[in-house]
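Letters are used for the chains, namely A, B, C and D, taken in the order the chains are written, and counting of residues starts over at 1 for each.
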Amino acid sequence: MTTPVAQYALQLGDDALILSQRLSEWCAHAPELEEDVALANLALDLLGQARTLLTYAGSLEGRGRSEDDLAFLRTEREFRNVLLVEQPNGDFAMTIARQLYFATYQYELYAALCESTDAELAGLAAKAVKEVAYHRDHAVQWTLRLGDGTEESRRRMQEGVDQLWPYTAELFEADAVALELAGSGAAVDPRTLRPAWEASVAEVIEAATLTMPSGDWQPRGGRAGKHTEAFGLLLGEMQALHRQFPGAAW
Amino acid sequence: MQARFEELIAADERIEPRDWMPEAYRKTLVRQIAQHAHSEIIGMQPEGNWITRAPSLRRKAILLAKVQDEAGHGLYLYAAAETLGVDRADLLDALHSGRQKYSSIFNYPTLTWADIGAIGWLVDGAAIINQIPLQRCSYGPYARAMVRICKEESFHQRQGFELLYDLAHGTAEQHAMAQDALNRWWWPSLMMFGPPDAESAHSAQSMAWRIKRHSNDELRQRFVDISVPQAEALGLTIPDPDLRWNEERGHHDFGVIDWTEFQEVLAGNGPCNRQRVAARVRAHEDGEWVRQAALAYAAKHSADGRDGERNVAAA
Amino acid sequence: MTTPVAQYALQLGDDALILSQRLSEWCAHAPELEEDVALANLALDLLGQARTLLTYAGSLEGRGRSEDDLAFLRTEREFRNVLLVEQPNGDFAMTIARQLYFATYQYELYAALCESTDAELAGLAAKAVKEVAYHRDHAVQWTLRLGDGTEESRRRMQEGVDQLWPYTAELFEADAVALELAGSGAAVDPRTLRPAWEASVAEVIEAATLTMPSGDWQPRGGRAGKHTEAFGLLLGEMQALHRQFPGAAW
Amino acid sequence: MQARFEELIAADERIEPRDWMPEAYRKTLVRQIAQHAHSEIIGMQPEGNWITRAPSLRRKAILLAKVQDEAGHGLYLYAAAETLGVDRADLLDALHSGRQKYSSIFNYPTLTWADIGAIGWLVDGAAIINQIPLQRCSYGPYARAMVRICKEESFHQRQGFELLYDLAHGTAEQHAMAQDALNRWWWPSLMMFGPPDAESAHSAQSMAWRIKRHSNDELRQRFVDISVPQAEALGLTIPDPDLRWNEERGHHDFGVIDWTEFQEVLAGNGPCNRQRVAARVRAHEDGEWVRQAALAYAAKHSADGRDGERNVAAA
């Protein structure tokens, strides 16, 4: 059986992998060339984190699964990412809203995880927290520009933060795996990240002259492999070629 | 001024933005640099087509980084063009309206994953051969941009070769996929060096101005000579029955290029011309409100000056 | 080796299969409920034709491949459909333009193929020509309504017929397979279908107060397995689930 | 008039559109028929999600035909509602703005192919049990629509069962997929019969008017009793530890339903409420220009009357 750390690494790895996949869909379609560079850069950082985490998860579970086995040969129901990262790109404002929520969360998470008693996780976090600090900054700057830009951009940015807001609750849910590991100091109890996250997001939304979203709909299920319908299509595309040639090396 | 310009050219020194230059020289450079920049950004499309489907995470990372580099090359090159007194928005407009071209090679589709390897190996390979001499181009900003670009392109070329090598040495299906890609990309790659010297419109003047240093046919021959042993190393067959070593010339002879196809693609009738430009225009139009927002934000926050930091961020 | 009739059946079968796939993407998104019914109906007819043709092709080639093997286990380069049928749906006018061109062609084709010396093909054609007569009529009626409807609908319908026009040339290209079989009376020489097709399409376009498209760009390659980039994504989605469970029966 | 209406009801005869009826009766029917129609068209979405990915051509054809039938059911039902003096456009508007509901079951996502089987078997199965008595509903047009609909739904239900049967008897992975679908769809299916009788707001009056003939709990019990042996035949386990045969009652006892979840989904907080309505509204808005064009065309060609045939086509 798989260990709690393997499961935890899989959760974080899937978050990074799926968000990277979504961001890479922007390739050659960004609003300006600088953003083609920036979005690819975010996708690359996340992909790097995903590779480290999936490789680590595979080594711990002891079934000989590589990062590619985990990425390309699991089914929809076996992925453990939160629903937020699989949400479709929408327009640029929607993508930025997703980045603002997720990068702020990931920054708090990795900052705390630097102190993990698990040396691998601590090492990954120490490296990734620097990358994610940039991701957060990128999202913050664009949230400000779009929120406090034109009438149209404000409307779109408000729509983005509103529509994705419900999916943020899941980021801070403590499942059995996280709780067990938090007890031993290997993982972070996600609930402890919420105050700093919320303060940080609220500050940006206010500075962007936007209204803080609310509402009590809190969809969840990603950590248990219950995803949204859009996820199956994303996965089908991601895995299509790999599955077309079973057993081939690339 | 003219004399000073010719002196610099003759001494093989660099012309810099502050220097006087003949209008025709400036125009030639703008046209060439813009076309080069456009090629980088249109070139992101055929490769971008496979990022979401890359068959391993390592290959996905390599491809993503490569496409990111291309966007970066586009940025340097537009910046180099801007030193000649044009601006990026106008150049993009010329691309979108069809007044300026990009390399015809990107009007071919990427039909399989092996095409990503073939583009790296052959298309980047041909580009490098075209571009190495440009590192010594008489116009300074362009020459310097080419130094960095060539370095990255060599890296991409090796990665493409390696991708194809793994396919060619993989399963029978993978090998067939690699061969099929070579079959489709070989001739279009030869056409990347432009029309035969006898018919090349701009070559003579560009050579005199040291923008260009070798003829199209010379560079094409160099490409063939370099590619033949590489194809052998891959275990793939170049789709040209007339290809053979000519001891006397010390070069490979090769078959006759179908210039009708080249002219068709150039005239807008390649397999993907319409899709490439349409996708580019769509991205630009869809991004209009974002660029407007950034401008509006920057204007607000530089006007009242109360928030220097945000200002910087929005610059 | 595969027989010419098998190859021919594969060509026609792939045309029907891929167009059916495109039409089924409209499901639950049509402009009105009647069109949800109508488009599903077209997709179903085409799917039925595809199944007959692929099954026949599989039986002739003698490698034991079923309709599902042919539909789900070939790669992009092995599909033989014309480029027209794989073109993305676009808006409703684009879909109608594709239907007008293709159903008119398929009607002429099947009408002629009723006389095939190959009993299977003749039998299929006799059944399918009635279905396709309805498809053509559906496309004609909508071309009239959109062309001669509002200013916006006219603009969109003109754009539809213009954009897809280049892809019609390939419908009438005679490849080696068709030529060989036309000689023996088993198949139809595609070139002979063009006059009736063009007269019919021109009449509808004129009645719809639209301008007949022109231009000399004539992309081709579908019959040789050289498709457009959109095709690989279509196929990836169509085959995703089947390939996810190699060897499973459904 | 009132007397005549009550006479017809008492004699178990049909009320027809020309007959006088109490306003409350009419309103109840409009609400119920519209909700039923909306459920058919929203129900196309979760199943439509898998048409493009169906794993065999036979299954693809079956699913496509099923979804087409649902669109057809929507058409009959809107037509039945229109006999009560409302029109489809207004009903759609009520759906889009959230003033009218559709069955909550369609707010759950289809996560795997097995869900297509589970919807056919359980959701259509529950719908049939709800709908069979409606074939004898006091309002004629609704009763007649239900006859046809029930016949098609039975067919769908058998196909869903057969799909699941093949999965449950397929590979271990397929069996697990089938069990997982049953786990997710079982409880929501039980909720399809509405709140417990003690809390059902509209039931008593509907029973008196012979719109409804059995209580929610009665129908739910029937569904459980029918489903238990079917699950056994499938080789799947119903996810309810409290499920057991009660010899005394002659029925199966079953566990407590989580009505909080039901209320949440009903209140708009199910996994897909927002996506379903948004997709519906988008389709409607994207189709606006098409519907306008059809109207404009019909108006032109009936006004000048010079082209009778086209006229008919556009009707």
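By our rule, a residue touches a chain if its C-beta (ideal position, glycine included) is under 8 Å from a C-beta of that chain, and two chains touch if they have at least 3 such contacts.
Listed by chain with UniProt protein names: A, C = Phenylacetate-CoA oxygenase subunit PaaC; B, D = 1,2-phenylacetyl-CoA epoxidase subunit A.
Model, not experiment: these values are computed from the prediction.
Asks: Which neighbours do chain A and chain D have in common?
Replies: Per touch definition, common to chain A and chain D: C.
Asks: State the pair with the higher C-beta contact count; candidates are A-B and B-C.
Replies: When B-C is set beside A-B, the one with more contacts is A-B.
Asks: Provide the C-alpha centroid distance between chain B and chain D, rounded to the nearest whole angstrom.
Replies: Chain centroid spacing, chain B to chain D, equals 57 Å.
Asks: Distance from the CA centroid of chain A to that of chain B, rounded to the nearest Å?
Replies: 34
Asks: Could you put a whole-Å number on the gap between the CA centroids of chain A and chain C?
Replies: Centre separation, chain A to chain C: 41 Å.
Asks: I'd like the Å distance between the centres of chain B and chain C, where a centre is the mean of that chain's Cα atoms.
Replies: Taking the mean C-alpha position of each chain, the two centres sit 37 Å apart.
Asks: Going through chain B residue by residue, note those that touch at least 2 other chains and give them in order.
Replies: Counting only residues that touch two or more other chains, chain B contributes 53, 173.
Asks: Going by the contact rule already set, what residues in chain C reach two or more other chains?
Replies: Those would be 75, 236-237, 240-241.
Asks: Sort the chain contact graph into one of these: line, ring, star, complete or other.
Replies: Drawn as a graph, the chains match no named shape, so other.
Asks: For the complex, give me every residue of chain B touching chain A.
Replies: So the residues of chain B in touch with chain A come to 41, 44-45, 48, 50-61, 64-65, 67-68, 71-72, 74-75, 78, 113, 166-167, 170-171, 173-174, 279, 282-283, 286-298, 300-301, 310, 313-314.
Asks: Using the touch definition from the top, list the residues of chain C that touch chain D in their complex.
Replies: Residues 17, 21, 24-25, 27-37, 40-41, 43-44, 47-48, 50-51, 54, 67-68, 71-72, 91-92, 141, 144-146, 148-150, 152-153, 156, 237-238, 240-242, 245, 247-250.
Asks: So in the complex, the part of chain A that touches chain D is made up of which residues?
Replies: Its residues touching chain D are 75-77, 216-217, 219, 221, 226-229, 232, 236.
Asks: Of all residues in chain B, which touch chain C in the complex?
Replies: 46, 49, 53, 109-112, 173, 180, 184, 268-269, 271-272, 274-275
Asks: Residue numbers of chain A touching chain C in their complex, please.
Replies: These residues of chain A touch chain C: 75, 233, 235-237, 239-241, 243-244, 246.
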